[in-house]
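There are two complexes below, and they share chain A, which is joined by chain B in the first and by chain C in the second.
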Partner chain A sequence: MRGNGFWLAAAAFISAAYGLTVFATNDYVFFAGYIILQFMVLATAWNILGGYAGYVNFGTNAFFGLGVYTAVFMAKAFGAPLLLQILVAGLVGAVLGFAVGLLTLRMHGIFFSIATIAMSIIIETFIINWKFVGGASGVQLLRPPPTAPFDSYIRMLFVIAAVMVVLAVAVARYVQNSWIGRGLRAVRDDEIAAECTGVPTLQLKLLACSISGFFLCAMGAPAAMYLQYADPASAFNLNYSVSALAMSLIGGTAHWIGPLLGALLLASTQQLLTVTISSEVNVLVLGLMLVLFVVGAPDGLIGLYRRFFKPKSSDPSGGSSAP
Partner chain B sequence: MAFKLTISGASASYGAVRALENVTLNVQQGETVVLLGTNGNGKSTLMKCLMGLVRPTAGTITLEADGVTHDLTKIATEDIVALGVALVPEGRRLFSKLTVEENLMLGAYRKEARPAIARNLAFAYEAFPILAERRTQLAGTMSGGQQQMLAIGRAMMSSPRLLLVDEPSVGLSPLLVSQTITKIGELRQKFGLTVLMAEQNFQQAVRIADRGYIIVHGSIAYEGKSVEDLKTNPLVKQLYLGAVA
Partner chain C sequence: MFSFELLLDAVVLGLLLGCFYAAVSIGLSVSFGLLDVPHVAHPAFLVLASYGTYFLSEYGIDPIIAGLLLTPVFFVLGLGMYRLYYETFEKRGSDAGVRGIAFFFGIAFIIEVAIILLFGVDQRSVQAPYIGKSIDILSLRIPLRLVVAFIVALLLTLILTLYLSRTFTGRTIRAVAQDADALRLMGANPIATKQWAFGIATGVLGIAGALLIIVQPVEPTLDRAYIGRTFCVVVMAGLGSMSGTLLAGLILGVAESIVLTLYGASWAPAISFAMLLAVLAVRPQGLFGR
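Our next item is the complex of A and B:
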């Protein structure tokens, strides 16, 4: 029942996105909408590792930037079509995720987070020194003509991003409700105890890292064509790391809908502020909202919802149901 | 049906600190063996070695199950669980932010244990009715005694043949210690468990034990063939009753 509801909603979501590309007249909707969808994917993917397993990855920008540059490389070297760029970026991200997963063998908590920051700096430095993809000064990209049935490239990107949101959320939802999610929550709570009860902790962490890495990196690929330009400073911007994390926390990490709502709320607010006030103010707002939520609603929007509409039965992810 | 745990000559250390030195111990099927020792003598390290959480630097740990001998020093923790070994860890180590039922479900994480979840869950709730009452409560919000019940219930969810219990008395009132020990004895009877229990509460531990070992500074100082043996041993008097050797 609930499964069908989810897929109906997903189909409706993609149809609506497509419908918008047919009927909307102003292209700005798609420029702004794409960014919101992009952050939905990033937050959802981040949450699979950071939320479910409790390993706070600060290297979202490494994955994202690597995705951007995988697309640049694929386009320049082979003239690869966009979908192939996305797929390859996803696979590269999964491999990088696997490597990050190996870090969890020795590093936990803050040390893991610091290692992921170091990783993003290393990868960025590598790209800066790679002339083929433009080095530090970046590279200009020419969009190929859009593929039918689309007549505008940005509208096509918008629909692709919508499809990626659905894919990422479907995977996150599956992970959350399966034994994988149950095991990851055990890892988050007490890794030694998880090990003792027979949870294959390393396998699960590697899986979570790879899945998370896949979507973080895949979402970077279309960004190259979205901007028609790629440079290391913006592709590896720390803003991606902070946003993905903040959106998940503000939405709530216990349920897949949390990062989705967090991204919707935060990214829309930021887009609105960028247009109405200035692009600097939106960073301030991000910070303020994070502080507000950490103080007032530490379990995010999901926590707020649970506090006010107490569910009768227990949720698999566990609410705040102290007696 | 043969089932036997053998530790021979096991040593383990944390960096330069020696925690276990040449420990030899065995547990036969159906026995309840108690590992007696005060704090810091290596009881928990031995338990961790059995679960593959700490690897011994020397010696062997083997589990003989149904004619096959498994080297526990070589296989991963989750595979040790799959062989029918379950640990009730020291200090309980519950998943405190998960519900009681989630904790129990996690006890049956191994694929082999999942088909029996419904039955084992019913057993756990029957053995510990308080857990059934509180199934949707977060584990961390329960009292120490209830948490200990949950820790035991969680270990039982994997249908173990060998139950390792590490210091069940930690942080519990004398009455609860007594109840917990009694419960372990009952479960052992009911499920034909083999039990190895590390404990420093001598009087309580010997109530359900068949025999036991005394561990001092990481080495087995005395092997008692029976409870009487242990009760009359001068070492016990020295360690537990304050007699000067």
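Our next item is the complex of A and C:
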């Protein structure tokens, strides 16, 4: 029953997104909405590794930026259509994710995080020195005409982002509820104990890294066409890394709905503030919310919900609810 | 293109720069290396100190003096930061890893925006008699600002090394890094010791920030570039090793400088990180690991 409910909600979500593109008159809705959907995907994908397995990846910007530049390369070299760009970016991301997964062999905790920061700067440096995709000064992109049934490109991107949200959440939900999620949670709680009891920790971590990398990178691809411009400094901005992490923590990392809620809350607030005040306040809100939630509500919105609304007896599966 | 003199020039500049890198990292070597606090906001405090120096220098105070004046302020700031961190994470014993890093990233972003709101996004620099001049030794032309930074950085590193190895409090700090429970049994208070150490780690940033703005103009988001450099130095040094920090800083400085000379500025940023990855992969405990 619950499974059907999820797919019904997903179908309703995509239909609503498509309906909006047909009936809404103001294009700004789609510019702002696209960013919110984008962060939903990033946070959900980040959480597959960071939340379930407890490996804090600070290289979200590396994956995202690589996705942007995969799209730029595909568009410039072959004139590839958008969907192909997204798919190839996803595959590139999965390969990079696999490589990051290999790092977990030797590194845990903050060392893993530092290594992912290092990786993102190295990749950014290579892109800066790659003249074909524009180097440090960036590259202008021309949008091709939108594909039917859409009459404007931004509306098409909006629906694509909505579909990607559904795909990412469906995969995150599957991972969470299957043997993969159980294994990852065992890795998070005590990796050595998990290894000793026969959990295939390396395979699980490689799988989680690849899945996470696939979506992080795939979401970068349409961003190139969204901005019609790509430059290394903004494609590899550290804000993507911190946002993905912050949204997951603010929502709660234990359940797939957490990053979704966190992204919705934080990204919409940021969109509102960008319009009404300034983009610096954006970063301030990100910092303040991060500190407030980490200090005041360590388990995020999910934790708050469990503490205040859930009767004590109804949570037999997870030991993580507040005492 | 390649010439011996060019290389020698790069090595000398790299040594000067490396000493500066050691100076900006040594605080992190205490807070992250010895106390295991994932202090990613360390470079943000560094840039904050640079802006403090800039602010004071507007009143005609020499940057180095300004840095010394800032040190007690940052020391108190550090005491407060550790208290907050302790009450939030260490006392609860809740998985400080993820949330600790997130907490400090939040702090870093708040500092960035605070600087932007106070000083704007433009680059800032300071004036002093030794900035902009250079001295000629043999065939080498060395900017005097790097020499000043080099001397101050060397002094700073030496003083901190001596403090941690010769004084009673310094040894207590190293003891708390080794075994906090044993320290408690000896009748010392590990929390107070850690707080004191974190205060020192942050206080040192007062001078380091002054050095930063002497060496290069600062802008509010400069801390992001220094996250990699400082952590690289500390991890390469081996956690908590002060002499290792100096050596790792020198290695990083020389490597960056050589790449800068031979391949150009656009490749230089990747060097610190490539070295960091290599160190993490091959020798995770660093050169002088504990």
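Just so we're on the same page, the second predicted complex is superposed on the first by the 311 of 323 C-alpha atoms of A that agree within 3 Å, B and C clash if a C-alpha of one lies under 4 Å from a C-alpha of the other, contacts with A are read in each partner's own complex, and residues count from 1 in each chain.
Here, a residue touches a chain if its C-beta (ideal position, glycine included) is under 8 Å from a C-beta of that chain, and two chains touch if they have at least 3 such contacts.
This is a predicted model, so every value here is computed, not measured.
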For this session: Classify the contacts of A:Leu284 with the two partner chains as first (chain B alone), second (chain C alone), both, or neither.
Result: second
For this session: Look at A:Ala186 in the shared chain and tell me whether it touches chain B only, chain C only, both, or neither; answer first, second, both or neither.
Result: first
Exercise. Which partner does A:Gly59 reach: the first (chain B), the second (chain C), both, or neither?
Worked result: neither
Problem set entry | Partner chain(s) touched by A:Glu195 [first = chain B, second = chain C, both, neither] | first
Problem set entry | Partner touching more residues of chain A, whether chain B or chain C | C
Problem set entry | chain B versus chain C as contact partner of A:Gly67, first or second or both or neither | neither
Problem set entry | Footprint overlap on chain A, where chain B in one structure and chain C in the other make contact | none
Exercise. Chain A touches which residues of chain C in the complex?
Worked result: 32, 38, 84, 88, 92, 94-95, 97-99, 101-103, 105-110, 112-113, 116-117, 224, 227-228, 231-232, 235, 266-267, 269-270, 273-274, 276-277, 280-281, 284
Exercise. Once bound in the complex, which stretches of chain A touch chain C?
Worked result: 50, 54, 56, 58, 103, 106-107, 109-111, 113-115, 117-119, 121-122, 124-126, 128-129, 136, 238, 242, 245-246, 249, 253, 280-281, 283-284, 286-291, 294-295, 298
Seminar exercise, completed: Interface with chain A, chain B side, in the complex: residues 51, 53, 76-78, 81-82, 86-87, 89, 93-99, 101-102, 105-107, 109-110, 113-114, 135-138, 141, 154-155, 157-158
For this session: Can you check the complex and tell me which residues of chain A touch chain B?
Result: 179, 182-183, 185-186, 188-190, 192-200, 313-314, 316, 318, 320-323
